[in-house]
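Letters A, B and C mark the chains in the order given here, with residues in each chain numbered from 1 onward.
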Amino acid sequence: MSTPARTSRRSGIRGGEAASGWLFTAPMIILLGMFLVIPVLMALWVSFSDWNGRGSPFSGSVSFVGLDNYSALVGGGGLAEQDFGTALRNNAWYVLLVVPIQTMLSLFLAVLVNRQILRGRGFFRTAFYFPSVTSSVAITVLWLFLFSATGAVKKLLAFVGVNGPNWFNDPSGVLHNILGVFGVQTGPAALTDNSFLGISFWEWLAGPSVAMSAFILMAVFTTSGTFMLLFIAALQNLSGDVVEAAMMDGANGWQRFWRVTLPQLRPTLFTVLTLGLIGAWQVFDQIYTGTQGGPGKTTLTPAYLSYQTAFTNQAWGQGAAIAFILFVIIVVFTLFQRWLLAERKVSVRRMRPYLQTPTSGGSR
Amino acid sequence: MSTTVRSRVRPRTPSQRLRNLSREQLPSRAIAGRSLLYAILIVLATIYVAPFLVQVATSFKTDGDAASNPMSLIPQTWSTAAYERLFLNSDFPVWFQNSAIVTVFVTLGRVFFNSLAGYALARLHFRGRNVIFALLIAVMSVPGVVLLIPKFLVINQLGIYDTYVAMVVPLLTDAAGVFIMKNFFESIPASVEEQARIDGAGTFRVFWSIVLPMARPALVTIIILSFQGSWNELSHFIVATQSSELTTLTKGVASLASGQLSQGTQYPLKLAAAAIMTIPVAVMFFIFQKRIMNTTDGAVKE
Amino acid sequence: MQRRNSRWLIGAGLTVAGALTLSACGSGSGFGGDTAATGGELTSDSSQGLNILIGSSGDAETASVNAAVAAWSEESGTDAKVSVASDLNQQLAQGFAAQKPADVFYLSTDALAGYASNGSLLAYGDELANKDDFYPSLVSSFTYDGEFYCAPKDFSTLQLIINTDLWAQAGLTDADIPTTWDELAAVSKTLTTPERVGLAIGGEYARLGAFMAEAGGSLMNEDSTEATANSAENVAGLEYAQTLLNDGVMSYASEIGAGWGGEAFGKQLSAMTIEGNWITGAMKNDFPDVKYTVAELPEGPEGKGTMQFTNCWGIAADSPNQAAALELVEQLTSKDAQLTFSEEFGPMPSIQSAAEEWKISNPTLVAFLNGADYAKGVPNVQGAADVVSDLNAQLESLKTGDATAILDSTQQNLEALLK
């Protein structure tokens, strides 16, 4: 490496810096190594083994089974594949709805709250941000109550004359329900007879179940505040001159927003979309606390399925395999984001501060 | 609110002047627009706040009242049965205590280790610094839920399963926090420490008595994030412990929620538990509110 | 630079890995070697107290087990602590994997095969002093690979629970207690009002299976060697339940805001439910004002039928004090203890010598014990629990679903287990 010369040159004032540097970083390196790197390697081995949860996974009685655990998930034809397909379907719909809605809503809130003329901005910001600081467990408990069979949401809907669904107990797919209104009860044979990951295409197109929709609303409720703050910060950094120029051009508010503000918000927009995507693929706490995958497995997610497969059913290899497939999915999305950002020449440095959000925001 | 203050102090920008001008020119339209803005905001704020009010109100209701009047903000008959049960006749105090212990240790540990590592990466020149940096970036991209099984395996292998050590130590890994500290230390002028070094202070002395005190704003950020993160953590505790003495609030309340046969719905009890577990983070939030809003501002402005 | 960095990185990673492996070996705990599950002496480290993990049906059961264990603890001088699991199977599995399992725990029939096959359980059945007193059908439920693993704790059957006040209000008399499917449909209809549904049940195989049994079907044959899930009998049973659901005279408990059938019944959201003995404990504690009677389930096309459930007291192979655990289990399965449990939360004693006494002290619950003559158990092959939970998931939408398709997929899944 290229540093020795520099180090020796500076050794006058900076004597022992190398030792201190290692000493200072050692605790974090050891921690990250022991609780991140090595565990992942161990789990990788487990995902290729037939370990059944007793004794050490590295003992002689545990054998290497190659890709068996993975192939059972993506082509085994059994219950494992079907569950995995169901979990992927559920989570894909969740991502598809949560990410755009939370992004639009948080941008909308930020634009509203950022008005200079607004009084009580502090109050509104606090109100919108507060759900983001509470724990996912507490929010889930609250949601179970609000959306229960006798809950507030049902009452509220009844108040406006709608006979609301029995949210957390309704496994029917929202898209299927909408189609049902138009008299479409079963899909065309082309969809029902062919399947992917043990789930027919018609089932893939079921949409999120009503129960999952309640979780989707919850995710939007709890994350929009965090992202709103990111947008507010970005809005405050906008160059006023451009806006002014646009105003002089006679552009109205809506046009100004689309032509001037939004393009300038692009980096933040991409950040929010990416963080949203990554977070939305990691749904676990809510499912563990709320529905355990029910009703009808329609709130099963890969993260929860991985946990359940390993910890409850003792199929550790398969559980680890699900986790790694999920890992790959998330990495693909991250790389996709990197690629998008690289296109727009936004440096990694700019991204860095945002990366704290997944840690603090939890896996909502 | 910091920003309100800031905008008041800040010299008016041309666009603000322009906006004020246009407001004067179009009074009726502006008033209509502003009313609409407030109307929308108030409706939205109600949607965001109402659930929490309902939660607190319901925790003082009886089971039957909660089921028949889920929306009312005033219980028909005030009942503190839920709280009595939680505090006098359940493991709730133990859960609370465990959450508090873990949160304190994780927060202290993170503050110390993050600032140590952040300082070294920002200021000290040593072989392998870039490698460590690369490693940190790499591990930051590992999503948390993927680590459930791996963490359980390593905790077991180390023989610390079902102990406080297993609850606290793995949570000290915080690559993002190291970055925050590193960024902050880079913003402190190097001249301050150079002087101390010339005076003969050792590296740790310089770090501990000179640089660290200057890093208060960043440390507060770390404290907020660690506190919130470890207080609200669930999945790690699920895989790290099993005994009831080591149950944390999140795990305990989650088990209340998933409920057991015949314990019934018991919404007041569950909501009371959820409300109490929200209090510490809420207090934290209101104390550091200014700081939280600033944290994000600062981060984006970088 | 970049390449050298990464090579260096791998080196550092290996070093840390090596250090960790060494430290793990040094610590000597964590995953130990495999402990033999059978044969040999029982462990008897009396310095260790016993941990008992139960999946409780409610406060009544928790209190009752606590009292029984505390009494034993005082008598024997061994510490013992009861914990209630929120998810029994998950906590057991995690404990086994960490080699820190509870010493004594509830174990369901469908979980036996999995834990027995990987050596997590102590097969202590033959060492029980009262081993010949257990009902043979229960013993066979807990026999895996020819070994009697654990002492049946108690057992229950499903029957029809009727709210007598609502029954009378609807103008019904004892003569109207349904004995056929048509009669059940008729009284359910009579009892259904805008405020409540006639019959509420949990929407799962463990309740709906009773209809399948009445139609003469079951998921597997008696020895769990052949899958019979998609038989015409089972389809008939489910289709009958489907009709009741669609006529609005029967609901799943979850649909009407209750956690289980007993809660729906206790809160009078329904006039009848199908539950097992455990409902008596909940009624006594939570809904003491609701008067009810227990009737045998109506006959289906193939006569009487119901389901039978049982748990056993499992002992962990890794328990440091198996000898004390065995003593505790003998105590907990004794006639006196079982009769007390029965009185306090409802299940029936698993030993034959207690039957007569039980019938005398529980004249109103005789229907449950009568069910023992024709009840069917749940399949206990390894992996059956997953298949059943998949079936349960599908049964949630039975109302709009296709009974044949549901059972076909279950059949396929069960056949996969037998390969």
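In this section, contacts are C-beta pairs under 8 Å (C-beta built on N, C-alpha and C of every residue); 3 or more make two chains touch, one makes a residue touch a chain.
Given the structure is predicted, the values throughout are model-derived calculations rather than measurements.
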| item | value |
| --- | --- |
| Chain pair that, of all pairs, has the most C-beta pairs in contact | A-B |
| Chain whose Cα mean lies nearest the overall Cα mean | A |
| Chain centre separation in whole Å, for chain B relative to chain A (CA means) | 18 |
| Distance from the mean Cα position of chain C to that of chain B, given in whole angstrom | 40 |
| Chain A and chain C: spacing of chain centres that average the CA atoms, whole Å | 36 |
| Overlap residues in chain B, where contacts from two or more other chains coincide | 67, 128, 135, 152, 154, 157-158, 239, 254, 256, 258, 265 |
| Of all residues in chain A, the ones touching two or more other chains | 1, 29, 34, 37-38, 56-57, 148, 150, 292, 311, 316 |
| Overlap residues in chain C, where contacts from two or more other chains coincide | 1, 5, 12, 20, 30-31, 87, 94, 97, 99, 257 |
| Residue ranges of chain C touching chain A (in the complex, touch as defined) | 1, 4-5, 12-13, 16-17, 20, 30-34, 87, 89-90, 93-94, 96-97, 99, 114, 117-120, 252, 254-257, 385-387, 390, 393-394, 396-397, 400, 413, 416 |
| Contact footprint of chain C on chain B as seen in their complex | 67, 128, 130-131, 134-135, 152, 154, 156-159, 161-162, 239, 242-244, 254-256, 258-265 |
| Chain A residues touching chain B - in the complex, by the definition given at the top | 1, 3-4, 6-7, 10, 13-14, 16-22, 24-25, 27-29, 31-32, 34-40, 42-43, 46, 56-57, 109, 112-113, 115-118, 121-131, 133-142, 144-146, 148, 150-152, 154-156, 221, 225, 229-230, 232-234, 236-237, 240-241, 243-244, 247, 268, 278, 281-282, 284-285, 288-290, 292, 303, 306-307, 310-311, 316, 319-320, 323-324, 326-327, 330-331, 334, 348-350, 352-356, 358-360, 362-363 |
| Chain B contact footprint on chain C (complex, rising order) | 1, 5-6, 8-9, 12, 20, 23-24, 27-31, 51, 55-59, 83-84, 86-87, 91, 94-95, 97-100, 257-260, 262-263, 278, 281-282, 286 |
| Chain C-facing residues of chain A, complex | 1-2, 29-30, 33-34, 37-38, 41, 52-57, 59, 61, 78-79, 82-83, 148-150, 166, 169, 171-172, 292-297, 308, 311-314, 316 |
